[in-house]
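Listed after this line are the structures, all set down as structure tokens.
In the two complexes that follow, subunit A is the common piece, with subunit B as its partner first and subunit C second.
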Partner chain A sequence: MTTARTVLTMAALTLREASRRRVLLAVAVLTLALLGLSWWGFSRLAAESDSGGLTSGEARLAASVVLNIVMFGFSLIAALGTAFLAGPTLSGETESGISLAVLARPIRRSAVLLGKWLGLVVFGTGFVVLAGLAQCLVVWATVDYWPPQPAAALALLAAQTIVLLTLAVLLSTVVSPMASGVVAVGLFGATWVAGVVGGIGAALGNDGVARVGVVSRMLLPTDGLWRGAMHGFQDSTLVAGLGSGFDGHPFLSQAPPTITYLVWVAVWVAMVWGLAAASFVRKDL
Partner chain B sequence: MTAAGPAAGPTAGRTAGGTAGTAGTATGPAAGVAGGASDASERAASRLVAGLPPTPAVWCSGLRKRYGRRSAVDDVSLEVGRGEVVGLLGPNGAGKTTVIKMLLGLVHPDAGEVMLLGRPATDPASRARVGYLPELFRYQPWLSATEVLALHVRLAGAAVTAREQLDCLELVGLAGRAGDRVGGFSKGMQQRLGLAVALVARPELVVLDEPTSALDPVGRVDVRDIVLELTSRDVAVLLNSHLIGEVERVCDRVVILDRGRVAASGTLAELLGQRQLRLQLTDLSPAAEARLAATGAVERAGDWFTVALAAEDLGTAAPDLVRDLVTMGARVHAVEPARISLEERLLGILRAEPEARPGDDRGDDARDGPEDGPDDGPGGAR
Partner chain C sequence: MRHPTEGVLRRLLDEPAGVADSDRAHVAGCPQCLRGLAAMRDDAALVDAALATEEGADVDVAAAWQRLTAAAPATGQGRAASPGADRFRADRIRAMLRRPAVAALAVVLVLSGAGAAAANDWLQIFRTEQIAPVSLSAADLNALPDLEAYGDVVVSGDGDVHEVRNADVAAARTGLEVPEVTTLAGGVSGEPVYQVGSQVRATFTFSAERAARAAAEEGETLPPPPPGLDGSQVRLVAGPGVAQVWASAAGAPALVVGRAVAPEAFSSGVPFATVRDYLLSLPGLPDDVAAQLRAFTADGSTLPLPVPADEVITSSAQVAEQPATVLATRDKTLAAVVWVDDGVVTAVAGSLDTDEVLSIARDLR
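Up next is the complex of A and B:
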């Protein structure tokens, strides 16, 4: 009971921090700007299609690709937002001394960590789902395209955010707030690049290069989840008919994630969170 | 009790904890088997527990902490009784803040045991009735003072009304800034808020680590009054302060740490009990000199003699000595009573420490323990 109260209190505190520090406002402004730009872009695409510049198939393909690109933008905002929130909220508070008075209360450190993690999860996944849904509506209103599996795709994007913020939480228990954000986002970017390289390797039939993507997706599952989300947003029938020339395209996905992979992601999150908790519990303040 | 871990301390802590545990196990299984016998044993256990003295607010034994090759705390044992004010004194890097953090579970000791309010400190519930003002006081800058207090009340699991929380802010002089964001507070105001945070959840033990480092003289007097008010309510206080006068005014007992070890401890009377008498004497016979030496250690500078008086002196030593000296033919020109100050005593102990431990090879390293970081923080004015 005490632990549940601590977890909920810390989660609410983390969300309040995001709100009071105007992170929510900054993210909302960025999202609205991105939605506005994509509205304009998709309108131009629709106009091009109406004027006969694009066939309906080409227009749908373009819509799929552009939707994935915009969604990548949102996932980047979520990644940056949560990774840079996780640092100050954990190691920042340890460095500044805020955590001294808090952790001297009759509470378990693991409950504090869980609460902060939960607050970040609500913030990150809430953003991804709301912004992603708004983007789908923009695409539907402008080019009359509705993704085949929007719920699954948004859930995978949310899972990607959870993976990255869990990593950021682990890093923030061992390194400085700034370093934890930089390292988390750097690894996110590196894994995405490794995924692209792996895709090119697969397209060229080079197993060694393809393995780069596979290994990186196992070590940090953000790219694997991102590719699964793309698959849910894009028109798979069209992509399947494109031929091998489009294999390895960074904004088109060849297959949805397997159940085994999703189980691995759950294990990965639990494992990394466990490491973060062990590190935080043992930390001398 | 003394800081060196006397029999009374550990015994009281362990006995109470152990007895309570025994009582619990005796009641559980026996209840289903033989109700009557169980009730009897429970009553017997209750009587036994009721007869025990209350467990100390703080009891710790053999605390040790090393940071790499540096020993920050070495075999520290101390106790704070219920309603007692104990001062922790020592130079920078002596290990005071580390000891406090180990008591509160913020730093993990390499060895040693801690009991808070009768429960092992490894159990977070032992801190339910503990208030803490850290040396490095910082509170969520995006919250208002009222919200910070509400957060701590919730985390402490205490039922404290909003009115009581406001009263707490009023006590520390922040009633007028209750709704303001903490980010806009000065250091002194943040320290006052920290004091309110330490007091808000109806503590039975308050740990104050340099509570007046950022306060003006008025604020220091306020803190002193608050500490005295706490003791009147039987709240125990562990006070770490560099302001010796502050400690001397409010503390019942003092523990002096140096290089991570307890250098001395005791009540103020015990520590300062070495009163002195300065006399200007002439025509001193060998018999009179022997009488002086029999009273206590004598230092001579010309005609002036300084004699140390025993701590247990009831006020008769000085007149008796003067009477005897006059009887022995000495001419007494002046008699000045003197009492050693806590500051002099502290300096004397700290200066004597290195000489007392010639084999100590830790050098000054221990003085540069990790607590020096916080020392240099916002509350680090020393």
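Up next is the complex of A and C:
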């Protein structure tokens, strides 16, 4: 069996496992619930505009902010889903002894790891893109608001999911399934909070506090990518009009990420995956 | 009762004694579980057949293990004794690099370096974009472009935008007929605030030396000015103007209906269009100044659009039998319609749809 075929087989098996463990079903139900709830919320916003409480422009402005909040919800579901899926798929199989049976075959451990990672990438990015697109359509149908760069924004959200699941895969090669999920999601939340703190520092002109956000975005790029995605969901002229007092707002973003930062994200993913492979190859099963 | 899990069904085949009586009773009477059990039995038979060794084949595991352990050190020694000592060293270094602890240390070093680079602003995370906010204000009606960087500007009249009591006072102060709004859009209600601005005049004398300095600050060289431009004068006149501003329930300006004498430019010597086009070609001209400058014509015929052209979507329409320009921000949160009738420019703008501003504009009296 060639390495490429091993990788694809493992990816397909990871997806089948996700479906067998009812993860796909749970995520689909959660997403539909969130989409339904947001449909209701956005239609109330439109009704408020029709009844004269808001002008149509103000309703769209509110919709763009609420859209970011709902998208944050989706990115959280994707983060939790992939982090807790990555844990059992590696360390769970090592604990239960399944790995012993699988890895006795003439296949490389790194190919197995890459296959599982690829399966998780397909699951995570597929979810983010489909759910995000559905959410954009809900907002368009109810409030007539369409984000300025939906494709770039969804791609950045997908990249955020890839970053987090790569971290979860690395953790699952060294700690127990549950611990790897908890640590990955905990770090995701901590980076987001550090980003908000950094934003407040930037708004207040305090360089030391602003640096907290900058450094955290380099160490774990989820927050940097999330802020870049928000920029794609919102018109920057609108955010610029709100003034500098809104710089630290957790659901407003003024600027897209630089190419250098996106290259760093790719390097980060490659580096962390490489570390996961080094750890998994030497792991005592 | 719920169906037993796949694991319980499999145990019925492998270890029947380990299955609870209740599960066993359920499976015996449940067609679905019996089907699952039959499928598992077929699978087990298939795997048994695939893994079965030939009858009588005696595998001596102990002897095979001995052969393997004897072969492994021999290979290692052979390698050490080989003349390629450099290759052996390279292999050892590669093996060391593959150690998780060394790899982790390398990752930590790279992360620390990248964090330090970002903290010292050597690596930008976000692109810094200078985005001019699209605003709605009465002050736009008689605004002049800030051309101080390119020559001498002498301003007479400060525009003085201030609030007045009602439409009659506004008409008396500006000499303009104040447009009467008959229909309002959803979310806009109550009485408007009237603001007036007086005429602003500015005389601009182009200085090639100052323009060259401004260009040098941007790190670029000044394109050669057209002959006769250095020292030539342009008089820019804007206003007077009147604006009615409605606030939304949230307090932000929701609708602005403004009327002003169209901005006009008079030049001595070089035609104004030449001066304007040259200024617009200069490096480092801010977007908002460029947008204001484009509004000025020698005959007051083009539309003043005090917004950067690349931030808005423009289209055309007919209002009061005049061609009108319709503007909307890309996210459709702000829209405006502007038209000129007999040297007087009228604008309707707000946090509204283009359809809503057009409907208000067409119903003006």
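Criterion: the second predicted complex is superposed on the first by the 283 of 285 C-alpha atoms of A that agree within 3 Å, B and C clash if a C-alpha of one lies under 4 Å from a C-alpha of the other, contacts with A are read in each partner's own complex, and residues count from 1 in each chain.
Definition applied: a residue touches a chain if its C-beta (ideal position, glycine included) is under 8 Å from a C-beta of that chain, and two chains touch if they have at least 3 such contacts.
Note that the structure is a prediction, hence the values are computed from the model and not measured.
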Fit or clash for subunit B plus subunit C once both are placed on subunit A? clash
Could you tell me if A:Ser96 is touching subunit B, subunit C, both of them or neither one (first, second, both, neither)? first
Report for A:Val214: first if it touches subunit B alone, second if subunit C alone, otherwise both or neither. second
When the two structures are overlaid on chain A, which partner does A:Arg21 contact: first (subunit B), second (subunit C), both, or neither? first
With the two structures laid over each other on chain A, which partner does A:Gln234 touch: subunit B (first), subunit C (second), both, or neither? second
Using the superposition on chain A described above, determine whether A:Ala255 touches subunit B (first), subunit C (second), both, or neither. second
Considering only the touch criterion stated at the top, classify A:Arg282 as touching first (subunit B), second (subunit C), both, or neither. both
Tell me which touches more residues of subunit A here: subunit C or subunit B. C
Which of subunit B and subunit C A:Arg105 touches, first, second, both or neither: first
In the superposed arrangement, which partner chain does A:Leu13 touch: subunit B (first), subunit C (second), both, or neither? first
Offending stretch of subunit B which, after superposing on A, collides with subunit C (from 117-125, 153-161 or 225-233): 225-233
Overlap of the subunit B and subunit C interfaces on subunit A comprises residues 282
Touching residues of subunit A toward subunit B in the complex: what are they? 2, 5-6, 9, 13, 16-17, 20-21, 96-98, 100-108, 282, 284-285
Applying the document's contact rule, which stretches of subunit A touch subunit C when the two form their complex? 49-61, 64, 144-145, 147-148, 211, 214-215, 217-219, 224, 227-228, 234-238, 240-241, 254-258, 260-261, 264, 267, 271-272, 274-275, 278-279, 281-282
List of subunit B residues in touch with subunit A within their complex: 101, 104-108, 124-128, 130, 132-134, 136-140, 142-143, 151-152, 154-157, 194, 197-198, 207, 370, 374, 377
Which part of subunit C faces subunit A closely enough to touch in the complex? 98-100, 103-104, 107, 110-111, 114-115, 117-119, 123-129, 131-135, 185-189, 248-250, 252, 254-255, 311, 329-335, 350-353, 356
